[in-house]
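So that you can tell them apart, the chains are marked A, B, C and D in the order they are listed, and the count of residues begins at 1 in each.
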Amino acid sequence: MGLGQKTSFQSKVAIVGARGYSGIELARLLLDHPHAALTHCFATKNDWKISDFIDHSLADSVAISSMNEIEKIAPTLDTVFLATPAEVSMELAQGFLKMGVNVIDLSGAFRLPLETFEKAYGMKHTATALLSEADFGILPWAGPLRRSKPQLIANPGCYATSVFMALIPLLAKGAIREETLVIDSKSGASGGGKKAAENLLFTEVEGECLPYKVGKHQHLPEIIHHVRALTGTTIDPMFTTHLLPVNRGIISGIYARLAFSFGTGPDAQTKIAALFQEAYSSYPLVTSGPVSPRMMSLKRVVGTARSSISFSVEGDKLYVFSTLDNLMKGAASQAVENFNRLLDLPLASGLISTKGNT
Amino acid sequence: MGLGQKTSFQSKVAIVGARGYSGIELARLLLDHPHAALTHCFATKNDWKISDFIDHSLADSVAISSMNEIEKIAPTLDTVFLATPAEVSMELAQGFLKMGVNVIDLSGAFRLPLETFEKAYGMKHTATALLSEADFGILPWAGPLRRSKPQLIANPGCYATSVFMALIPLLAKGAIREETLVIDSKSGASGGGKKAAENLLFTEVEGECLPYKVGKHQHLPEIIHHVRALTGTTIDPMFTTHLLPVNRGIISGIYARLAFSFGTGPDAQTKIAALFQEAYSSYPLVTSGPVSPRMMSLKRVVGTARSSISFSVEGDKLYVFSTLDNLMKGAASQAVENFNRLLDLPLASGLISTKGNT
Amino acid sequence: MGLGQKTSFQSKVAIVGARGYSGIELARLLLDHPHAALTHCFATKNDWKISDFIDHSLADSVAISSMNEIEKIAPTLDTVFLATPAEVSMELAQGFLKMGVNVIDLSGAFRLPLETFEKAYGMKHTATALLSEADFGILPWAGPLRRSKPQLIANPGCYATSVFMALIPLLAKGAIREETLVIDSKSGASGGGKKAAENLLFTEVEGECLPYKVGKHQHLPEIIHHVRALTGTTIDPMFTTHLLPVNRGIISGIYARLAFSFGTGPDAQTKIAALFQEAYSSYPLVTSGPVSPRMMSLKRVVGTARSSISFSVEGDKLYVFSTLDNLMKGAASQAVENFNRLLDLPLASGLISTKGNT
Amino acid sequence: MGLGQKTSFQSKVAIVGARGYSGIELARLLLDHPHAALTHCFATKNDWKISDFIDHSLADSVAISSMNEIEKIAPTLDTVFLATPAEVSMELAQGFLKMGVNVIDLSGAFRLPLETFEKAYGMKHTATALLSEADFGILPWAGPLRRSKPQLIANPGCYATSVFMALIPLLAKGAIREETLVIDSKSGASGGGKKAAENLLFTEVEGECLPYKVGKHQHLPEIIHHVRALTGTTIDPMFTTHLLPVNRGIISGIYARLAFSFGTGPDAQTKIAALFQEAYSSYPLVTSGPVSPRMMSLKRVVGTARSSISFSVEGDKLYVFSTLDNLMKGAASQAVENFNRLLDLPLASGLISTKGNT
């Protein structure tokens, strides 16, 4: 397939790791996408059907294939989504690219420079040759794709995305004193994946709000690296992640002191409001505004492709909350935004209901 | 140790499978028990300490031992609690008994006749010789122990216990038409154990009240068999089990039409009230009374050794609710009641606070 | 408005009690409905906007009006949805009907004969004249509307709907011995409404599965009355309702012995499967099949207009589980089905995604 | 009563506001306290009994009295606990004190200087004369009580306590650069009290982790004021509070850069460990140590009088987590510590099981 010039065309797509939580959301989005034809779902388990998880008239038309059928089927695809662990993505990406298949990888395999990756993930990188050509698909901030094919797009991490959505506009305008930056993120348990693990059992998660990987989460180097790449600013924030007794949704509390040039109090708050309005004026997937239950609610973004950015200024203190659905903007729907980039479609294609807009 | 004549003595006890949810509750109870000295906890994992789970001044005095040290340590013990799967209990029980150690088994291994067991559990029984000598420890209903040692006591199942507590008094007095009996039980997720399993993940359990093993739960034959043994009545109830998005607690709804001799309406309700009062008049671990939030609340029994039985009569319809903590009366605290039987102590020893009773 | 012959027409609709949980779901559905134009939302509170709860491009076009503006605005409407308590619905319905506005009432005000209502709801009926003309809108079972206008449609209760969906096909075919029928229903907390009440606080609901109105829920006479009206069968089931620590969703366990003519075991199960298949062959909003996690999951129906009916036969015992979203099929989406009846549209219009069906 | 010299004596105590969540926990603790005799519980509602909420052999010996019986009963009391809103505490405290009754107030009424109080609570102070004599009972940090009677003790706020437990030792030793301090606190919903409110409904709290009073919580001035009073350090931290979908428990994330004198990395971590060890060496109600699931778990402190302080150093970044039960150390058990101060008892009297310590 060419890169999307013929939009009536349906691009043939597949998902590897389709039975996981992000994989299922991807399947749901792609089944509904006007320019995608989901033909295959690959998974290590074979005893399942899409309709076990999704009601859709096309659900049973998708083939469930085993991982060792990938090689045979790959040539029939335009784009593949890898909803797999980093070690599997590193193993598979090259093969797809060689067969001319665009790769949108939802793992952390291609988001970081080699050395940073190996330290953050505690593993050897086994596809280093691809690191330089991977595009980091944080949207709407990622630049244009190189006009060559096939493409390798690294879909950003869930926590990192929630931070980027708030931080990139702020840092691009020099709004905060970056040495005062502290980020406290909380995620629903689906962020831990569907693989059985004692610490993700209902009985363990319920009643808790447990911090984990304190100061050491692998999304911290992702944040630092790409904030520098996108805004030229070097940051070194404190960063904590918590596991919420909630199914889906991330809320990141982003705390910093305002830059002196922004002043303080209500005037500064007005400037911050304008800054976010402007940053997202042509991007329909972010809502910004002062803090309010509506703006800080996880349930208002869960199931949607939207992020919400809310803020409050007290003196020189800036409180920002960024919410999103970890399985959507934090994974599957941002992957579909990247798919839309490949096809030169508007980023939000297939992600916003058009009902009622007529 | 003799069978409890010298109550100032501390009986040496150990737990096999101590790191599971029931095992930890057992450890908590035994550390506090005036006549128990918990010396060893056996588990397949070794990288843990009692104090990871329990704050207790004696927690770090308990040895954490691997399963292959059992043989060496067994001779030093008076009683062992098996908080293990049925297959492990079948493997271990004989060895302990031969070394003169009493066994209180929390699994389903010794609760049923051979044929019934093999059908209900879908496995071969590997210690059939022990089936005839196992005592079924449903309390306060179990009879006196044979005065020989060592003893093998089968601790009843959690759902089955919740049903027995309501049903045995009713059937003993012929209060219901048994052919109308329907039981709908709901359990907190800790009933599924601590072993990682996809269906017990927070993200799977949250938001659901999922029936499972519909009409086929292995506690149904346990209920049928021991109801007949204890009351002489043959029943064949409908029985469903559900997984609640709750950590601990079982509530069983027990529905039947009253026997004609009981009449209907308020008069019948008075008779039912009297029946339960009388049944449990000398047993402090059951509270009975008409339905009310207090009487039907899981949180009121969770963390305690108590059961609560509540009832309502509408015409000839009898609604009974039986609540208990699946890890306590449904497992660990009933095991301690059985330990108290071994020592000829009151059943509730070590299970009811004596504070405030002075 | 005529009764829907011109389907390109948009019917002007309003919601009274729009800020409650069912009201908001109704607003969401009506904003998206191709043949509805939602113009007004009436509520006792005025300090809110639709966009506090729903993201929709038309959300801010809907007027939020106070209850005392009803009289002024009613003449501009074709149909009004009353998502109000029974006492308010009784007060308002007559006025709307007199002004020629169709009324779809989501309360219990018009579902029962006078005497039964007053006993079940513990209140005087203040609009008795309307009782005889109210249509009971259980779908797909309700008969054709009388061809006169305006119409008063009583939308069925949430629990009652979950029971009807399973019971009407069974009783229509004489599949069960009705004297053995027991119904155990469990509902998410949104069924209790949005009005602040101590027993619905998070801290009260969490950790519990509390039965309430044991044997006395007002949906029991609704079930008995309309089962008789629709199938000619008189039933007198045991019926319990529980409050789940879950936001949305109802699961009703429906337990009975099979009629002798149905036989037992696998053969009987096949007959039951066929019975449900046939009953719903031309109605896309019910899925039926043998019990499975997929079929009994609340999360699979929450947010949808669908019901799921699953069943298992053991000997002569029939276990049926009926699931639905209490705010959708149990309230708002069934109200939209009734709206579709008014307009002679297919029942599922506006309730099933047509994406992916092309 | 004298101030506790005769410890065999039982001090006569009452609770005002006894039916709320903190009130009930207080009742539970006082019923078990060896030197307390709980004689009366005052509440606005009268249709309840202690045994609705607590199983205790003495539960039904406590009189439930209406608020207008206070004047009559007060003279019989030694100490009263006010588990009431600030406006009620301001109204009642003076009367009790005049009758010679010690007052331990759990509200915010007497924690702050006049001006700070009125700004933080948005209300007039109606008992200003008492402000200068109120003792701020943060333990173990509060100094000796003045040896005069009766005493007015202001029990600290729940969030504030969680912060003090971590911050006082740190600031007392100059461990952090206070200008970098950020505090992100999360609380279970019982912190919102038992009064029905829409935002505390199960359906609203579930699925969320909602920030509230962002930067404006009334515990922030309490923290600032008493940190200065106790350590001489002036701080101006960023502070956020969140509502967790959890019943009980607070976790405060306390983030700051280490003072230069503390160095960085592992050496600094050792110093921080020593600092907390030393601070709490003679106080049994705090456990401190490096971050771990055990140390950061809410469920490990819920139901206990303990706080847990855990920490991690990365470079010059100090992450500290402070957990406690908002109804215990954050309210009722700290109030009992203050009661123990009144009686010259060890602070932990009646708060730590002595079982197993023999």
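Operating definition for what follows: a contact is a pair of C-beta atoms (placed from the backbone, for glycine too) under 8 Å apart; a residue touches a chain by one contact, two chains touch by 3 or more.
Worth saying up front: this structure is predicted, and the values here are computed from it rather than measured.
Chemist: Please indicate which chain is farthest from chain B, where distance is taken between mean Cα coordinates of the chains.
Modeler: A
Chemist: Determine which of the two chain pairs, A-C or A-D, is joined by the larger number of C-beta pairs in contact.
Modeler: A-D
Chemist: Taking each chain's centre as the mean position of its Cα atoms, how many Å separate chain A from chain C?
Modeler: A distance of 38 Å separates the two centres.
Chemist: With centres defined as the mean C-alpha position, give me the chain A-chain B separation in Å.
Modeler: Computed value for the inter-centroid distance: 47 Å.
Chemist: Counting only Cα atoms for the centres, state how far chain A is from chain D in Å.
Modeler: 41
Chemist: In chain B, what residues contact two or more other chains?
Modeler: Where chain B meets two or more other chains at a single residue, that happens at 207, 245-247.
Chemist: Residues of chain A touching chain D in their complex?
Modeler: Going through chain A, the ones touching chain D are 180, 182, 184, 186, 199, 207-212, 214-216, 238, 240, 242, 244-247, 249, 251, 253, 255, 291, 293, 296-299, 302, 312, 314, 317, 319, 321.
Chemist: List the residues on chain B that touch chain D in their complex, please.
Modeler: Per the touch definition, chain B meets chain D at residues 31-32, 51-53, 55-58, 287, 294, 300, 303-304, 306, 353, 355-357.
Chemist: Which residues of chain A touch chain B in their complex?
Modeler: Result: residues 21, 188-190, 194-198, 200-207, 245-247 of chain A touch chain B.
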